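These notes are about the structure you will find just below.
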């Protein structure tokens, strides 16, 4: 089973218009959530059209050459993970025909009991054409013939454990679903009577649409010619993913009623309070550490500056790695500004440390650029446990913080000090009750298990 | 449900070698059976690899760039039909995972009770990701969990009515199946201990392999590390498709123990006996009428010549048709040699007339080139009924012979005469007992119905 | 310098219309003259558009996506030779800007004093961006500033020795030129007031156009808004290329006032008279030997039949040759019909033997298929000398007939006999005076040298 | 003639190695200088290889599939401008053959007397295959046959007026040239005995190479097996382009002995001194205004923050603009953070205003996001005159500052105030003598004219 860390976008409109441009822009705004494949399923009310491709939205999706279509609704997906040649088979939306007609599904999250469900389904005769947990959802639905889709779905969803924000498209309806724990975000918007749904609000902004509200955990919203209907299919048991705030969402998005950028700055401020150190300059690891570094600088009174520039155009190079290019390491992506660091005591801020290998190269880069002291500050607590709800973290053995103290990590990185934000500090900066967020990757307390 | 008029090729080898070149050549030799998409599924004994693409084998299939694989077996498919955007979804082989593991299926033929079966399957929870009847076979198999595939297959096949030559690949076995009626051909060959299977023997010739025998109607052949095993899953009730001889198979293939080219010449000879006419020259409609025209000329003593040349490179043009290109009609593909026809009485021979529109343009072309008389001779009887077993014939209303006599057709075509071979003459030329061939498209007697 | 064996097509129309479809079809009909690249230059009267690509016309050329253009004239080219990576640089038409404005040139033939001219031009300051002799023509023209193009061209052409059929396009004029020796063909046609020019008349047939006449050797035809003007820029000294008849032109073309197909049959008849042998069947090497084999059969009274089928879809495969595919040799392209040859004395007819390696594989193929005797008959004399005028023949050492007698060749091929048509027989069959054809490849008498 | 705003990168190595990876990375680091096409010419000492393509380096350039080459030297180019279909013809390096052998040229800058030179060349017989002024340089060189290239070049360069940083590659030598005025940058670096040359030093950093020095204005450096030789071909008359500092170069590059990032911050500081205003927050227009905004904030003591986020993935979308997407305007690329601006007095800093249309949309965006006051501050003086030396500025009429005062511009933008840095302040911040920089776009004093 693959882990999905993806982005969703959907539109329903009574205008019957070609939805490609809106879908294209909406998915582009969510591109940071997945850059490996992209797809759109659209319906004109009687037939469904599907296109998927490998790469960025601009590489994977193309305007219909035959002419404009009168489309009623569409759902789209950008995908993070790829596993070799199978990339296209697992691209989403996934479409199939079952007793209820044609259906397309796009999914963000990870079903933890997927293997279990799939084995049961296979044993009772289901066949699978992808390696995604999303296909399970269609199979479960197909096992309930004769029911309307909104009546069948609650029984299907009851069987699922884990993280799932879902968009479902039939030839007549668009359905948006968020799991009872609310792990992954999903929001509703509006653009001149068009109903919109997106993983993050930044997808509304790009097309000048209005953010309305987030879908509630355990809520299913059905849009059809009869208008919008909301069903609570399960009791809400909120455990928002903290990592959407720390790293994954776009800073200009609004999540769980919080501005992401503002939260990230607050994390940096809290970090400055908890883990102060004397220094001459605060610099971010670009771009992930920038808002927190700014918050740290504001609170500490130490000047903020840019000490590292990003090579924006080599992030997705397709050249085969050679011994030489490997030896260049992080230098291919990041370039230090010696003038900023030379003979200075430098605080460098990032959002997290996973394996520690990149951070180590960054410390060396700063030292080579003349930094007198390097203090690494992390705007989240140590990641000690893997995520089962859709964030693609490695095994415990590879998570440096699972076995090493901040002091040990400082030695490994070659830094003068390494300090993390505390769980309490993080929760406070985010401003949500501690029991309504998922802290599993930090404290190992998993809200649900298989 | 789409009708499949396709080509199959498969290899099983204990050598564990990269099978791409052999598959590529074998499928290329069968390209006349389908030019719209091509695909290969291959296994190295533990993992299955699938590639499919649109167009000719040379356009659709590409060597693995990562390096050679140690492959145990592979099956491939070339496909005839396309229906708009869905072309890739319906391309074969079709692969899926079920309780028995991963499986790939390639299919030539048409299941007549497919709609019926699909409805039943959908009602009991199956989902479909293609519009092919092939997917039904995998679903039926998946409904029999816990059984070995060769034990489950006979029950599955008992449910199928219609035409099916099948290749099935698992990570351990290659299985070749021919329906009890034997509508579509399927033959076994050998190349230095490699087991081969192909729709037509010409696919063996191209790689220097040896033709061994045809698979019997109602026979299933399983190749695995335990060698070759043959199972008769149903009583044989032979109804070979006559059209494979008349038009569809390659002239250098061997089918039902007959040489196709020789049969086609014999059809022309028989036609000359049945439907003689005084004339100066016998010419074929290239390339379909060439062997029969040669037979007709031999038997009648009237000189054979080429009167029409084919524009070999414009058969598959992708330019958008315009009013002007449509007005050119058959001229884009065929060019007359006026010198051959001028002031002559011409017998033109083709294998069949379907709608009559192309034949009409050809008669006009010969007249314009100076032919004094044009006698159309057809080396098969009038097609009056649609085929349900895999030949893509139009509805009865569009079959000109279903409502018009040869005289009426002659008037429509502008020919001096139009004559067909009789059913008796055709059967005699082919040399098979009349009750062992399918004559449905000529006499409406369908061996099986839904 | 590369040798060009190419096809030309051009249109001039007062209608101002999008010429893409006509150009596409015309070039497709000439595809047999060059399959490695294709290009079109078109003018709307004030700006010139150029597109070129690698491969067949259907692969290389694409309709303008922006919309239809109002075009005044266009010239196009299909190219035979490729030399590695340089394929696009040498693709034609070649376009450049010089003191007289923008110009595009398409060329069929080979300038024998090209190296000489290029050295002179380079020494006096010219730079070259292709490896084609065509670029020389533009340079020579650019050296005559201030002259009208039709006034400058005669001086330019006087410097050229060798074979050149040329199409030249400016924003106002289309100019068609044939060298004084008339090595390569070039003909004028008409389609509803559109002026057409093409290497062979079959390009007129495909679009329903009328063949008017061939351009005379040493003639230049200029089409502009002032109509059509003909200039004789040199005294005619006809030496038509015999090989256009023997092999290169399409059988349905009309060249030098002869029907190519009729000439090829006549070559076979003459061969039957000159080189008879007792046998049971006459078969062609498809497709090159087919008309001559038919002529041989007619004249000799021995039955004509097809003994070898062509694998039409593997002619242009792009798979990397491996040891195994090389071992398959001609089998990949040709497949014998054993039933036709078994226990028979076979006459096999081809148009020529160059190196002898393919012919040898064909003889072995016939023997393996059961032929009792194999008599190879060639419908042209032995090729003993290389061509310098645009046919891509190898060096003398590789021309098997340059050093071996027919008997020796029979031994090399494994044939019972090998016999060629005599020069006299060939000239007689063609029906042109011996002093008006080029026989250099047969007798070494080169009409012009560098 | 097209204007070139481009990037150059070159390598010469005695190691004879495949240079693709180094070229690919070096050009990627210069991607900000041109994103429309990319190309590499490389020599193995006897043959030259050329590849060019449309788009980013990652789209345009591909590793040689045939295998690694033993290359002696290579030059590469990224290009800014595109003009419709002609994009590939004008891509660089430009290669040609002349009396001195094969040569490739890559050019950054703009020759102001190009039309004049081209007319002269055309009149005396030269033909042009591109619309670039670069081709003129090869022609001029070709007019001096018999001379060594380094002897011929000074005479050629004397004829050129305008901006030219050049890389020239022959099969034996790499030559780097900078015009006497030094408009465009060009620097020398070293990586383990490999000689490097690049438009900006950031191209050395990405591969871990060492910056050595800038090439002097009027200097030509020749690298060959005889080592490195420097020739002063003209008296130096420095007029460095100010805009490389203000906007064009990468912040982590080092130009004219100054750190670009540091200069940009200093421009912001100077601006704060010259044009202060009371406000609550300083925000940049990302990314162009970021360093200056930080400088402004530091100097003024007003907090720096990010108020606008960039949609990184929609910068280069290829969807056809529609009325709807046009109505979205700058929103497609930029997204405001309302929380930062709401009810605040905002200073927004950018590097320049050209037409004013984008700035106007940004002001509206800030107002909509709740800004109480909007003060636009520009870290360079008003651009009143077009550039003739390689920066692609529009005509005077379209330069808003050529006819409008800051107050008028403020009205047009809807800003509370608009203020520019003075010429004196800019020169002071850069720290170069006023007579050694080109200020033509600000004051109309052009160092050279045609």
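Labels A, B, C and D are assigned to the chains in the order they are written; within every chain, residues are numbered from 1.
Methods note: a contact is a pair of C-beta atoms (placed from the backbone, for glycine too) under 8 Å apart; a residue touches a chain by one contact, two chains touch by 3 or more.
All figures in this text were calculated on a predicted structure; none of them were measured in a lab.
K.L.:
From chain A, which chain is the farthest off, judged by mean CA positions?
P.N.:
C
K.L.:
Between A-D and C-D, flag the pair that has more C-beta pairs in contact.
P.N.:
Output for the comparison: A-D.
K.L.:
Could you state the distance in Å from the CA-based centre of chain A to that of chain C?
P.N.:
61
K.L.:
Which integer distance in Å separates the CA centroid of chain A from that of chain D?
P.N.:
Going by mean C-alpha positions, chain A sits 36 Å from chain D.
K.L.:
How many angstrom lie between the centres of chain C and chain D, each centre taken as the mean Cα position?
P.N.:
From the centre of chain C to the centre of chain D is 49 Å.
K.L.:
What positions in chain C touch 2 or more of the other chains?
P.N.:
none
K.L.:
What topology does the chain touch graph have (line, ring, star, complete, other)?
P.N.:
Shape of the chain contacts: a ring, since each chain touches exactly two and the loop closes.
K.L.:
Can you work out from the touch definition every pair of chains that touches here?
P.N.:
Applying the touch rule to all chain pairs gives A-B, A-D, B-C, C-D.
K.L.:
Any idea which chain A residues touch chain B in the complex?
P.N.:
49-50, 85, 89, 95-99, 122-129, 138-139, 142-146
K.L.:
Flag every residue of chain C that touches chain B in the complex, lowest number first.
P.N.:
20-22, 24-25, 28-29, 31-32, 56-58, 63, 202, 205-208, 250-252, 259, 261-262, 290-291, 294, 298, 303-306, 309, 311-314, 316-320, 322, 324-325, 327-328, 331-332, 335-337, 339-340
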